[in-house]
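Take a look at this one; I'll ask things after.
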Amino acid sequence: MTTSPITLADRIAAAPADASSLATQEYFVNMGPQHPSTHGVLRLLVKLDGETVREVIPVVGYIHRGIEKMGEYLTYRKFIHLSDRLDYLSAITNNWVVCMAVEKAAGIETNDRIQTIRTLCAELQRIQSHQLWWGVFGMDLGAFTAFLYGFRDREMVTDIFEETTGARLTMNYIQPGGLMYDIHPDFVKGVKKFIEYFKPKLAEYEQLVSGNVIIQARLRGIGVMSSESAISLGTTGPVLRGSGVEYDLRKTEPYGVYSKVQFDVPVGRIGDCWDRYWVRMEEMRQSIRIIEQLIDNIPEGKHMMIKPTAKIKLPEGLSYSQAETARGILGVLIVSDGSDKPYRIHLRSPNFNNLWSVTAMGPGLRIADLVAILSSIDIVVPDIDR
Amino acid sequence: MDHVPGGSFCVTSVDGIINWAHANSLWPLTFGTACCAIEVMMAAGASRHDLARFGAEVARPSPRQADLLVVAGTVVKRLAPRLRTLYEQMAEPRYVIATGSCAISGGPFMYNSYSTVRGADQIIPVDVYVPGCPPRPEAFLYGLLTLQKLIKEGESIRRPYVRRKPVLSVLPAGMTADQIRSELAALLTRDSTVDLSGEYVQNVQAGGSKQ
Amino acid sequence: MTGEDLVSVIMSIEARAKPREKCAMPSAMIPVDALPGFMRSMRDDPRLSFDMLCTHTAVDWLGENRFELVYVLYSTKHRHYVTVSTSIPRDKPEASSVSSIWRIAEWQEREVYDLMGVLYSGHPDLRRMFLEDDWVGFPLRKDYKDTFMLGLPE
Amino acid sequence: MTDDGEDRKVTNAIDATVWQVKTLATRTLEAVPDSPWLVAGYLLLGIVAVASLVAGLGIVLIYAERKIAAHFQCRLGPMRVGWHGLLQTVADTIKLLLKEDIVPARADKLLHLMAPFLSLLATVLVLVVIPYSPTLQIADVNIGVLYVSAVGGFGILGILVAGWSSNNKWSLLGAMRAGAQIISYEISATIALLAVVLFSGSLQLSAVVLSQSQGWWIWRAHGIGFVAFMIFLIASVAEINRTPFDIAEGESELTGGFHTEYSGMRFAFFFLSEFVNMFVVAAITATLFLGGWMPFHIGNFHSLNAIMDLVPPVIWFLGKTSFLIFVIMWFRWTFPRMRVDQLMKLEWKILLPIGFVNLGAAAIAVLFNLYFFPSH
């Protein structure tokens, strides 16, 4: 039995819009590649019956840059800056995953200071990413003001990062064997100031968006995904946890210094948009909790364990490591042939795996719900396409 | 300006008003491909940097109503025809700002990538480039101001077949505003227009004058 | 369950399975014809219950003239991982699809088809994912040639 | 035009001037013999007046909206064009007027060109009957309330035509949503209007205003007026497609809805009609429930009434209207958008039943004079 590949036109022809019925007529519309609610250049082919969605066919690849192929030509150290540009809202976590994979395979030891700073930065990044998500989520549902509030607070975190790493978005901060630079002397002060500033703002977020009647009506019971189907669809991160599966790498396989801190993993109940929303809001609180525990206890030590110019060679073999970014699990699968460049590097991106749950959740709902679902999955398109 | 005999003063001041209106009302299209979109479309429009001060916050989701196409991020082969379509759907006068290394040259994805287009200007004409990876919102604001200057000092409505050379938004440090202005003016008057009339016009005429 | 226990349980399901060399995690290498049945029992066996397909990809071993298909599985119940790998000949890159076992496999296999050119039998929707339908060649193969691609200048 | 301005007590300078100008104009017109040129000139003058009123309203309201939104969102808003961006909307208008006008290749050309004007026309027609002050009212038709709801409902035509003729699925979807929405909410708005008509006993807008000389209907009728006011405000905001009811254009869903394919001047007309609509809705609400130009009076509290009378009626009218416009803008920058079925549910299952019960209550209240300061 062999399978012959088909084209997009075949795919559309295989799901014909039913135009025969007198009462209603089904039709296809294109959402994207340029559409305000697809967060980039994602394209959704939606089959509609009036306002009701019958089928969703995501078409991706409008920003496929071939990062996996490029990785085969770059040394491990050089590859890290590409990982920034995957899911640019979790740049530091992405750096960390690649470094973790390299460190694990090459056997590079790090100290507690490095791990603590990495953890702190990853949690700050998670807050920053969720702030942006919250703003964009509001905007997608029509509450434009939420977008600006989210960004107003996000700038505070961006400032902290800029001070330490020198960049606002694509930081390239975590390196194999340590950190690019040591933290800025004002880092601790800045983070504390931000925590004090942000805690009351979370209450404001709840007031502006969460408590709103319309938001509740738009989210409750919409886009329900059972835990079985969420697992089978390979979702991770808040999408999976929203469906009630407690799978958070920070808890199940602690890396960094997560084993030393107290925090809870928020888990949703039925897996609707509201649960996913709530999980993210709660995660921001938990991240604050983690940061509060760590910020006063950064141990002394070096910030880089190996010479920055040292050639890193990985032993021959296959290795897979992963970490929890703001959107789910980023996995890096490296097949090494013993040289200083990967023979094959594969990125298991959280957004790629989360995206397809749209096809399961979308049908039967309305276009407006599709926007809400897409927003509650919180996709970053360059991470899908790589 | 030479179209109305003896009326140059009147026409130039009308031109000035038109340019002023175009420069101060650049409505961007909500379009972003990668990281740059966060910085130049979102952060620049958000409270701290506030694109609205320059009258450019009315982001239109429909290309018909937008004046400014910000190519924010990498352009890949698959997106290229769509980007061209978007540009063609926009109504004249339309302006393009390419932000970030990717949209300028392919940036970090220039080498060893089988699908990244090396610069948005291979697909659509670009007016202003804003370097950075991604550029800071301030850099984008500077690019926007450069474009405004360009429009204010240029012609009111672009002549068909004539297209200006693009201008880099970041000029060497230590320059005064007057120097920038004179440099821009010199650029515009001396050698900044590319006359495509020869070959292009012939092609258009040969291809028939269908609308 | 420790790694050795896991491997021995897997061995009891499929006698031909053996650990993949040079792999940092518990692993199993199986012949390609055993793939669908083996994967199904990996999911359904209560001792294993690998209910999540973390990732699936292919490695092009040009020198050995084979593709290696790699599956990373995870069990949310027992919280353990395993790497399953299998080899298919390079000139006849065909394997059976596991999309009926894990739904995400449908798209992960599509990605592998798009970039590596592995054909999956029984796949419901096998078409290009990131590249246009008329793209020639499979870019992640080691022998992929493209006039467009620029090499890094030395 | 009923010329009873002379009978009415004119107490302030603005109205006195308006009245004098009007009388002078009428007398002059009566003095000169009828001539088609004069009629044409009169018409032209009227057109210029209406056009400048509409354009001025649009410019002021758009500027206000942008500034108000900016300050809600911790921003500054337009700052660079003119003092505090005062000329921003002027620049936008000039730009939009000079922008290329695109008609899609496969669009229904005639309808596509017509739609924006239809949309604006409905709005402008309502401006005619609004009493801005005791003397300043273009036409005081005796079925004013009926006219408002009839002509106001006409605005849907422009939107439907725009959506249909654009030959774009998003436009069509937006237009169909707008059609369903506006027609539904029309009912609630009219029912709410009827309560006031019952109280004032007249369909004439000037009479409705005069009937509130003892107090505004919003507080005079034991809550009935307030409920009617709320229903009318919600239904009107829905009728003019503003957030939280802006599903017809819903940017994040329909990329612009019915006006997706419009560019340049024609888009500007839609934009303009949206803002003038907002003014119209605020003005009508103010007239019916907040007494229009009527100062804040409480029955027989003569000294208070006399103090309130010191503020000219035009200022009262503009103040109330501006306040309502601010409230509508406040809605927009606070609420998220509703879904189309929730919108319908809100109308048919909540607003309409409440409206009917309220109307019944209003009838009983009127029958037994059950409101404050009944006139007889």
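By letter and in written order, the chains are A, B, C and D; residue numbering begins at 1 in each of them.
Assume a residue touches a chain if its C-beta (ideal position, glycine included) is under 8 Å from a C-beta of that chain, and two chains touch if they have at least 3 such contacts.
Since the structure is predicted, the reported quantities are computational estimates derived from the model, not experimental observations.
Trainee: If you average the Cα atoms per chain, which one ends up farthest from chain B?
Mentor: With centres defined by C-alpha atoms, farthest from chain B sits C.
Trainee: Give, as an integer number of Å, the spacing between the C-alpha centres of chain B and chain A.
Mentor: Distance between chain centres: 32 Å.
Trainee: Just curious, how far off is chain C from chain A if you go by their C-alpha centres, in Å?
Mentor: Distance between chain centres: 24 Å.
Trainee: Counting in whole Å, what is the centre-to-centre distance of chain B and chain D, each centre being its mean C-alpha position?
Mentor: Centre-to-centre distance between chain B and chain D: 39 Å.
Trainee: Determine the centre-to-centre distance between chain B and chain C, using the mean Cα coordinates as centres, and give it in whole Å.
Mentor: 46
Trainee: Would you give the residues of chain C that are in contact with at least 2 other chains, written as numbers and ranges?
Mentor: 130-132, 139, 144, 151-152
Trainee: For chain D, give me the residues that contact two or more of the other chains.
Mentor: Residues 73-75, 251-252, 255.
Trainee: Where in chain B do residues touch two or more of the other chains?
Mentor: 47, 61, 78, 111-115
Trainee: With chains as vertices joined when they touch, what's the shape: line, ring, star, complete or other?
Mentor: If you draw each chain as a dot and join those that touch, the picture is no line, ring, star or complete graph.
Trainee: Determine which chains touch and list them pairwise.
Mentor: The list of touching pairs comes to A-B, A-C, A-D, B-C, B-D.
Trainee: Write out the stretch or stretches of chain C touching chain B in their complex.
Mentor: By the definition above, chain C touches chain B via 130-132, 139, 144, 146, 148-153.
Trainee: Could you pull out which chain B residues touch chain A in their complex?
Mentor: Residue list for chain B touching chain A: 29-35, 37-39, 42-43, 46-48, 61, 63, 73-74, 76, 78-79, 82, 86, 108-109, 111-116, 133-134, 136.
Trainee: Would you pull the chain D residues touching chain A in the complex into a rising list?
Mentor: My answer: residues 69, 72-75, 169-170, 173, 177, 243-244, 246-247, 250-255, 333-342.
Trainee: Give every residue of chain A touching chain D within the complex, in rising order.
Mentor: Interface residues on chain A, with respect to chain D: 27, 29, 35-37, 51, 138-146, 148-149, 152, 208-209, 212, 214-215, 217-218, 366-369, 371.
Trainee: Using the touch definition up top, name the residues of chain C that touch chain A in the complex.
Mentor: Its residues touching chain A are 20-25, 27, 51-55, 57, 59-60, 70, 72, 76, 79, 81, 83, 85, 94, 96-97, 102-104, 106-108, 111, 113, 115, 119-123, 125-133, 139-140, 144, 151-152.
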